[in-house]
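Just below sit the structures, each encoded as structure tokens.
Next come two complexes, and both contain chain A; in the first it sits with chain B, in the second with chain C.
Here is the complex of A and B:
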């Protein structure tokens, strides 16, 4: 599962509606894999509107990734380094359960 | 060649809906997954066109993605797949797509997220209208306003290889894994399937279907209390299926 999917998930149990508890899914006992994926800037810019940035940042910290931008730049499309990092984190990093 | 087994109408379509789906949909797909997947590679043109019409960079949900045959059709898009059959989801995963096991009636996505969604040959596997409505509502929930949804369901009126008794709408439809099929899936382990036919290695499984009449998909939208938030922007018949395109308002 890529972090893209992880960020789009919420608990599907009907009674689990507390926004502080039903998202994001906690990642435990996981290994990270990097799955090479073609970069699609149209997609990345679109996903910037959808991603819960705070949840993504928290997840990135949980996974031990250090050099991830804290904020979305004003013109992300002109920020090559941001776009590449966002692509790698969202579309390539795949946590998997090693159990 | 023995005659092709034909669909069997059932009269208790609505009873024990969840058990029926478990036995005659989920478990059957798990048994037949590899063979089913080998026969599912051609994209239907209406679905392909729908995908190509979505703006570049769109995020889509493929709800009931089966073996993921639509997930790589258009590389400008990103699709997240889900299927109730863990074996089909596993095939999709092995092909490198994003997929999770989920029941269409409770998807594990945040609301109003997707730019579009497709539901190809899925909603006809729910055994009551209430459950078909729940499935439809759940797809609408996860799509953003202005997002488009394509839904395909099997048509009762189809004139293909299979003959459906027009007096019924709920059927057990045989799936035959021919003798000497290598990718035949696991052996059935319970009484949920017909016994093997003359040739010991040929296996017949029965999948539950609710076949849709002309106009029924449209009336399902109406009865789902969705009329205030979706418009039917296209409808038609293609390859034995009724389909509609919904646009969320």
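Here is the complex of A and C:
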């Protein structure tokens, strides 16, 4: 599962409605895997509006990735290094259940 | 056809064998791909933009592959583990979730640009265990889906409704959960090709007119084939109604009147003429028919005048005919003078021709004047028809004149036995009055 999808998931238990608790889901018993995919800037810009940036940052910290940008730059489409990093984290890093 | 949702719950029905069959069968795969493409089309995604889509009931990823080909990213949900295993083996790009959609979809609000679902919704309408209530499950599913879709996004469900109640249940539940839209039916007239697409709109992206429900495909729009005969009354109507401004066509028109008059004439009734105008001389149908009828003596003055005019004309033509041989006389004389009196072949031919023509004419006098006689039908009634005797006599005289000319020519050439030397054989030698003896 890509971090993108993880970022979109929330607890769907009916009674779990507290926004502080139902998102983001905690990752347990996982290992990281890098899946090479083609970069699609168009898609990334679209997703940039949908991704919860703070949750993504928290997840990245939890996974131990250090060199992740703290803020979204003003013109992300012009920032090559940011786009590459964003792509790697969002589309390529795939945590999976090692059980 | 038996419905799989009646056989077992989806996670049981789509076991390893069924899942294998589903994916390896090229026919199923092509139908699934076709329907996925149509569903994507109905999603009406913005052109040239990669979108983030949800595939509800992704199964082995057949529909997901179509989404990938279109350049979008997807996340799939399915309840059957065997199907998902195959999807994983096939290394589809989308993330897969083993998930019962009856318990709602667990995504944050507004994350998806669209959702498609192929052959799934009918499974939700069945209670597979005693605790399940289809209506509640549908409600949960639609409400959670509504929230996870972006504003103005669409969700397209291809499904096989079992009956009208099921359709009604799905539609009312979706509407209650906030969706707009409705049912799009492709090829509604074909039982085999008919496909139901539930096309739902999650709100409106921008204020304006409400989104229009797409039109279902039909054969007319695809390849010109007609699925049924177009039925209309127009042709009949057009046939009966005359165009605006056109004059009325009477039922009893001229032909009808003429037909009636003809019938009356056949019965021997006194019928007015068809035309107020005089008929041309020589044209005899009217009086021919009239005089042959019972009312011979009822000839009007008009007819009498016409008869007289006809007579005068015929007489004139007869005299023309009688003087016709004379017209060639000057030419004949000229040729006689030119050819001279010597006995040559050219001379002889001209002379023979001079005899041949008048003799032929003389033999056919009656024939030559036959056409000037009154028509046969009137012969018996018209006692005072034209007298052709004088023209005939003149005709004969003229021809005889030609013969005389020929004879004169012959005599000039010395061909006529007119001298004593021509008759020597009959010449009786003169009897001597006395013999002198020596």
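Assume the second predicted complex is superposed on the first by the 99 of 99 C-alpha atoms of A that agree within 3 Å, B and C clash if a C-alpha of one lies under 4 Å from a C-alpha of the other, contacts with A are read in each partner's own complex, and residues count from 1 in each chain.
Note that a residue touches a chain if its C-beta (ideal position, glycine included) is under 8 Å from a C-beta of that chain, and two chains touch if they have at least 3 such contacts.
Because the structure is a prediction, the values reported are computed rather than measured.
Superposition note: with chain A as the common reference, chain B and chain C are in steric clash. In the superposition on chain A, contact is made by A:42 with both chain B and chain C. By the touch criterion defined above, A:23 reaches both chain B and chain C. Of the two partner chains placed by superposition, chain B and chain C are both touched by A:5.
Considering which of chain B and chain C touches more of chain A, the answer is B. By the document's definition of touching, both partners, chain B and chain C, reach A:50. For the contact definition in use here, the residues of chain A common to its chain B contact set and its chain C contact set are 1-2, 4-5, 8-12, 14, 23, 40, 42-43, 46-47, 50, 52.
Interface of chain A with chain B (complex): residues 1-2, 4-5, 8-14, 23, 35, 38, 40-47, 50, 52, 91. Only residues 48-52, 71-73, 75, 93, 95, 103-108, 110-111, 113, 140, 144, 150 of chain C touch chain A when the two sit together in their complex. Every residue of chain B that touches chain A in the complex is listed here, in rising order: 55-59, 75-78, 80, 96, 98, 100, 102, 106-110, 113, 115.
Those residues of chain A whose C-beta lies close enough to touch chain C in the complex are 1-2, 4-5, 7-12, 14, 23, 37, 40, 42-43, 46-47, 50, 52.
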